[in-house]
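You will see two complexes here that share chain A, one where it goes with chain B and one where it goes with chain C.
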Partner chain A sequence: MAKKQKPKLAVWKFASCDGCQLSLLDCEDQLLPLVGQIEIANFPEASRAVVKGPYDLSLVEGSISTPHDAERIHQVRRASKFLVAIGACATAGGIQALRNFVDVKDFVSIVYATPEYIDTLTKSTPIAEHVKVDFELRGCPINKEQLVEVIGAFLQGRKPNVRQHSVCIECKRRGNICVMVAHGTPCLGPATHTGCGAICPSYDRGCYGCYGPMESANAGGLSLVWEGLGANQSDLVQIYRTFNAYAEPFYTESRIHESKEH
Partner chain B sequence: MKAKSIKVDYLARVEGEGGLYVKVKGRQVVDVKLKIFEPPRFFEAFLRGRSFREAPDITARICGICPIAYQMSAAHAMENAFGVKVEGPLRALRRLIYCGEWIESHALHVYMLHAPDFLGYEDAIQMAKDHGDVVQQGLSLKKTGNELVTLVGGREIHPINVRVGGFYKVPSKGDLAPIAEKLKRARDAALETVRWTSKLPFPEFERDYMFVALRHPDEYPFNEGRIVSNKGLDIAIQDYERHFAEEHVQYSHALHSIVRGEGPYFVGPMARYSLNFDRLSPLAQEAAREAGLGPVCRNPFQSIVVRSVETLYACDEALRIIEEYAMPEAPAVEVQPRAGNGFGCTEAPRGALYHRYRLDDHGIILDAKIVPPTSQNQKTIEQDLWEFVPKHFDLPSDKLRWQCEQAIRNYDPCISCSTHFLKLKIERE
Partner chain C sequence: MTEIALTVGTHSVLERASLDKLFAALSKRGFRLVGPTVRDGAIVYDELKSAADLPVGWTDEQKGGTYRLKSRNDGAVFGYTAGPHSWKKFLHPPAVRLWQADRADGAFEIKEEKPDAQKTAFIGVRSCDLHAIAVQDKVFLNGRYLDPYYQARRENSFIAAINCSQAGGTCFCVSMGTGPKAASGFDLALTEIREQERHYFVAEVGTELGAEILAELPHREVEGHEKAAADETVAKTAQAMGRQMDTTNIKELLYQNYEHPRWDQVAGRCLTCANCTMVCPTCFCTTVEDVTDLKGEHAERWQKWDSCFTRDFSYIHGGSIRATPKTRYRQWMTHKLATWIDQFGTSGCVGCGRCITWCPVGIDITEEVRAIREAPQSPKGSPTGDKHGNT
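Entry: the complex of A and B
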């Protein structure tokens, strides 16, 4: 009976839509084989059973946006050997980081009749702003094949094979005709982190940056191309200010165009 | 007298964060609070100043389980504001992608989240050790739903192909042929699911609910219809706010909904089914009858059977749509923004999802209101517990706690949606 213990997996949720952790349950073909290799020790969306930590691998979904969560993430870190932040909320603060550009009190009073019942932070921030993160998996939502790769890499003690280039390269590989060059459709593909499979251009629409900026993205150059295609300053503010608005250089680029608006 | 409480600090197998607190004095329940502590994300606030074109993609992010519902309610509200009607094959494609979401979401709840309660397992993975074929069937049904959403929408979570006016790209008839084969197998699996769930042990529990759902002249409702109840309500979608109100209570980040002057109500599969049984396909009606369901179901524990009947219907309806489909000439209808108000209400897997937007003449959002199904059900869930707990006082605390959790999961609550919801605590005095 004293077989080698399976590594323990925990899934944690902070401010989010649940979509990224759902990706794990959406691995319909891999789910049952996976639980042969790993013990799902703490995953409230899937199970009421909780196995005590410490955990070998923690997947963290969501951003930090309340005083309570800012405390809780430290407990999660202490209980985790490896911590992987999954999705745009956990890696960039998510769409709820749009509060970071305004006075959050104004937001609370728009939605809630009794604002004093609401305890929230002025900013929604990524996990790495609070604790050490061992790996970040991008996307709104994450790509489930990449999630399986990350878990597999962890099980084998190697670095995850997750590409870092732009959506453009993925798009070319799919053999798409460039929507920006051929159709004049504004596209964030040249500045956006790969991983989605270049879905939007494959459906005749421009990329809207849901995987966030790639490393060393030339957002300034891309904005010039957009302006050439007719985008005005307020369009540029909005396009950088969605699901990864708080990630650089999208953050700074939207600020630049905001200052030009006035 | 000694105080006793049932407390579930973090409710499992629901989407999002919430808890339950029940306080009992002697043999009387004195307090029930469904607590939703999912952090608020303020969607209605940051939608202000955004273009109408962005609303489907932004509001999808309220919920990773039912993004299509958000996209559909948002798109229909905008089209309502601009006086646009999407008809023919584009309208049919919208029903088709919604079928995919119902199959995926219902299969997730029936097999992964709810069934383990009836059979005494902590989760579907433990259930799979004894009921491997059943769980496998659920996973494959769910997979077909996801594949349908992916085919029409680009990906299963936060699909990218839905826009105000229609789609960015539409499939050819040939593109839909492979999924039709899978849907035929899914329809058989869904029929099996209805039969299997109908044999689960159901606690005896019925209440005279006020059911609220859409009703359409000739279809089981997805995107259109009037908002009706079994207590005489029959209104146009745009009159929603005149008849329904939201309240902010201290212990919940999700606003509580009531029917003005009447009180709590019930949305979701059981409401939809009980108000629209006659609109189900003959196959779904027959399967429901065979499973022992009448045209109205009032036992929320049987919602698992109703969800299975709806899954069967969604497979059947998807196949009908694919069969009759002819590729439209354009992927979308032209949309010209104008100032005004737009109203949309569609049937998310968990029930009616209402959106209202006020727009300027460039289609910029001035004001938004979003009422998700789970926030509408909060009060009804609490009322169920007020009645359920006293009938089961003699159960050991652990068992009672688990049954309370199950009573909440009857509603497939989506907490992520509702805050825009579970800890369980029962205190005995």
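Entry: the complex of A and C
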């Protein structure tokens, strides 16, 4: 029997901190079985050796924030059979999407000594706004077990077990006591996408929404609960305006409270 | 102590100090003990080492969307109401592996998951929760497809019920006919009595096993005034329900009001977070997830708690049937209070109030029923008739 060729994996970086792609190296025990099944063909964080495309599976980290990247993502798409956007930057524009609420030229003129060297877009946007994305894995950063699940599902040709419901379901399955109901601690869990394992409530903290909005997030309904617990308009702008600030309905919700601030 | 013949239905007196001996007698028979204990600012159900783990001197205050653990100074052992957990945590656990399979020589081998037969004693089960267990028994043990894992857990359980000595702010068992006194489904049922000089339990025998266990503990026949004190305790609780629900023709009421504007109102508040279904002691829905290793040589099938508030729950080819919060809330409440009756012959609601307390926005199922009842919509084509057009 001829040896079956291993599928080729490529990892691409756009505007991001590299934390999500490092989750792949962080897979430790799973990393060796993984390289047994898949050829890591392009992964600059791990190796300078680059195998030419096309690639069977591309993991794309980061958002599109420059004209150059807006071009490059199309090249990546053309070279990839299956494209998975990983992390809050790639799926929601990331923390850098805070520029989407203001005029980016103001930032550039304040931050850089020679603003004319900076060629940037007015908005930081998720990959899916530019090319067709086959799957989005949420989180800031992504959960490495979920990453292995997505790659494993790809290798076996099945659907990944990655749900899109609230953090609450995961929290309750763990037997946690609701920090909001029992302690009065504001928590974004009811509006936030599952996947982290309900880490913060498990350590008696409120969820702060690293995984972005869940499938049917009612941010307006949740804001009323936060207000009841003492949050003011400025607090509400802050909580929705983090790593997933540009994802609906967090985007609109933070704007609603911003307009009430003044 | 007077020796009496302990048979089903007899009442005895057990002093407070003998609770330890109850635990010891159950442990000696190989039962794992689970029951109430204080953890993370709430009274939860967990494994107990001894009676010292019980929430002595603790209580709770509950209202829509709020639970607070409070101390009390009378040393009551069971002086609280239904908390964040229900017994389904043990009887119908949140995640269960159903089977595993390994590839071998071009074929695959399935490894069956043996039903877990660990003997478990449930301490402090309230009447609403006894009814909830009976509801889940109907779901899992009746009909053609019985659940062998649930069956094994039920066959190996011992239930020490507690008759409620106080009602919670979101309790409405009286409306649902499910409490506050345990009527059946227990091995022993205790009523806690605190008097100035004494602290004791009136114990009712529910099964032969219950009688055997009680016989091993220091006990004596109940006296008239002690039995009266127990009856009065429960009667007072029944008078103090935090909530009420009028269940008259509730099935018809909900069937006739599918398009009531109230569903839109509640959907505006509902976060579709699914907390109500997670804390509900009768909600039984699960999903199955098939997982594989990276090599594709090992696979496992897991059953996990799921909820009708998720989009995937009603997903079939092409999309989710219940795409909006309105349709999901309506499905949940109508199932609980109406279609459940057609499906299983009982209501799916036992009036424990957990869905009210643990809903982050405090949506109140009793209030939702009231709102629809106060301004019902006329059934189509028949201003005063039922859904078939009969008046």
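Quick note on the criterion: the second predicted complex is superposed on the first by the 260 of 262 C-alpha atoms of A that agree within 3 Å, B and C clash if a C-alpha of one lies under 4 Å from a C-alpha of the other, contacts with A are read in each partner's own complex, and residues count from 1 in each chain.
In this section, contacts are C-beta pairs under 8 Å (C-beta built on N, C-alpha and C of every residue); 3 or more make two chains touch, one makes a residue touch a chain.
This one's a predicted model, so the numbers in the text were calculated from it and none came from an experiment.
Enquirer: After the match on chain A, would you call chain B and chain C a fit or a clash?
Expert: Overlaying the two structures gives chain B and chain C room side by side.
Enquirer: With both complexes overlaid on chain A, does A:216 touch chain B (first), chain C (second), both or neither?
Expert: second
Enquirer: Thinking of the overlay built on chain A, is A:18 touched by chain B (first), by chain C (second), by both, or by neither?
Expert: The first partner, chain B, only.
Enquirer: Going by the contact rule set out at the top, does A:204 touch chain B (first), chain C (second), both, or neither?
Expert: Once the two structures are laid over each other on A, A:204 reaches both partners.
Enquirer: On the superposed three-chain arrangement, identify whether chain B or chain C touches more chain A residues.
Expert: B
Enquirer: Which partner chains sit in contact with A:83 here, chain B, chain C, both or neither? Use first/second/both/neither.
Expert: A:83 contacts neither chain B nor chain C.
Enquirer: Between chain B (first) and chain C (second), which, if any, makes contact with A:133: first, second, both or neither?
Expert: Neither partner.
Enquirer: Can you report the least C-alpha distance between chain B and chain C in the superposed arrangement, rounded to whole Å?
Expert: 12
Enquirer: Taking the two structures together, which residues of chain A meet both chain B and chain C?
Expert: Shared contact residues on chain A: 204.
Enquirer: If we count contacts the way the header does, which residues on chain C are in touch with chain A in the complex?
Expert: Touching chain A from chain C are residues 39-42, 44, 65-69, 84-85, 89, 94-95, 268-275, 278-279, 289-296, 304-307, 309-312, 325, 357-358, 360-361.
Enquirer: For a test of understanding, state which residues of chain B touch chain A in their complex under the given definition.
Expert: Residues of chain B touching chain A: 10-17, 37-46, 48, 50-51, 54, 57-58, 61-65, 67, 108, 112-113, 122-126, 128, 132, 135-136, 139-140, 142-143, 146, 154-158, 160-161, 163, 167-169, 247-250, 253, 255, 331, 402, 405, 414, 416, 420.
Enquirer: Residues of chain A touching chain B in their complex?
Expert: Per the touch definition, chain A meets chain B at residues 13-20, 22-23, 25-26, 28-29, 31-32, 35, 40, 44-49, 62, 65-66, 68-69, 94-96, 98-99, 104, 106-108, 110-114, 117-118, 120, 124, 140-141, 196-197, 199-200, 202-205, 208, 210, 238, 242-243.
Enquirer: Can you list the chain A residues touching chain C in their complex?
Expert: Against chain C, the touching part of chain A is residues 30, 33-34, 36-37, 148-149, 151-153, 155-156, 158, 161, 163-166, 168-169, 172-178, 180-184, 187, 189-191, 204, 215-218, 221-222, 224-225.
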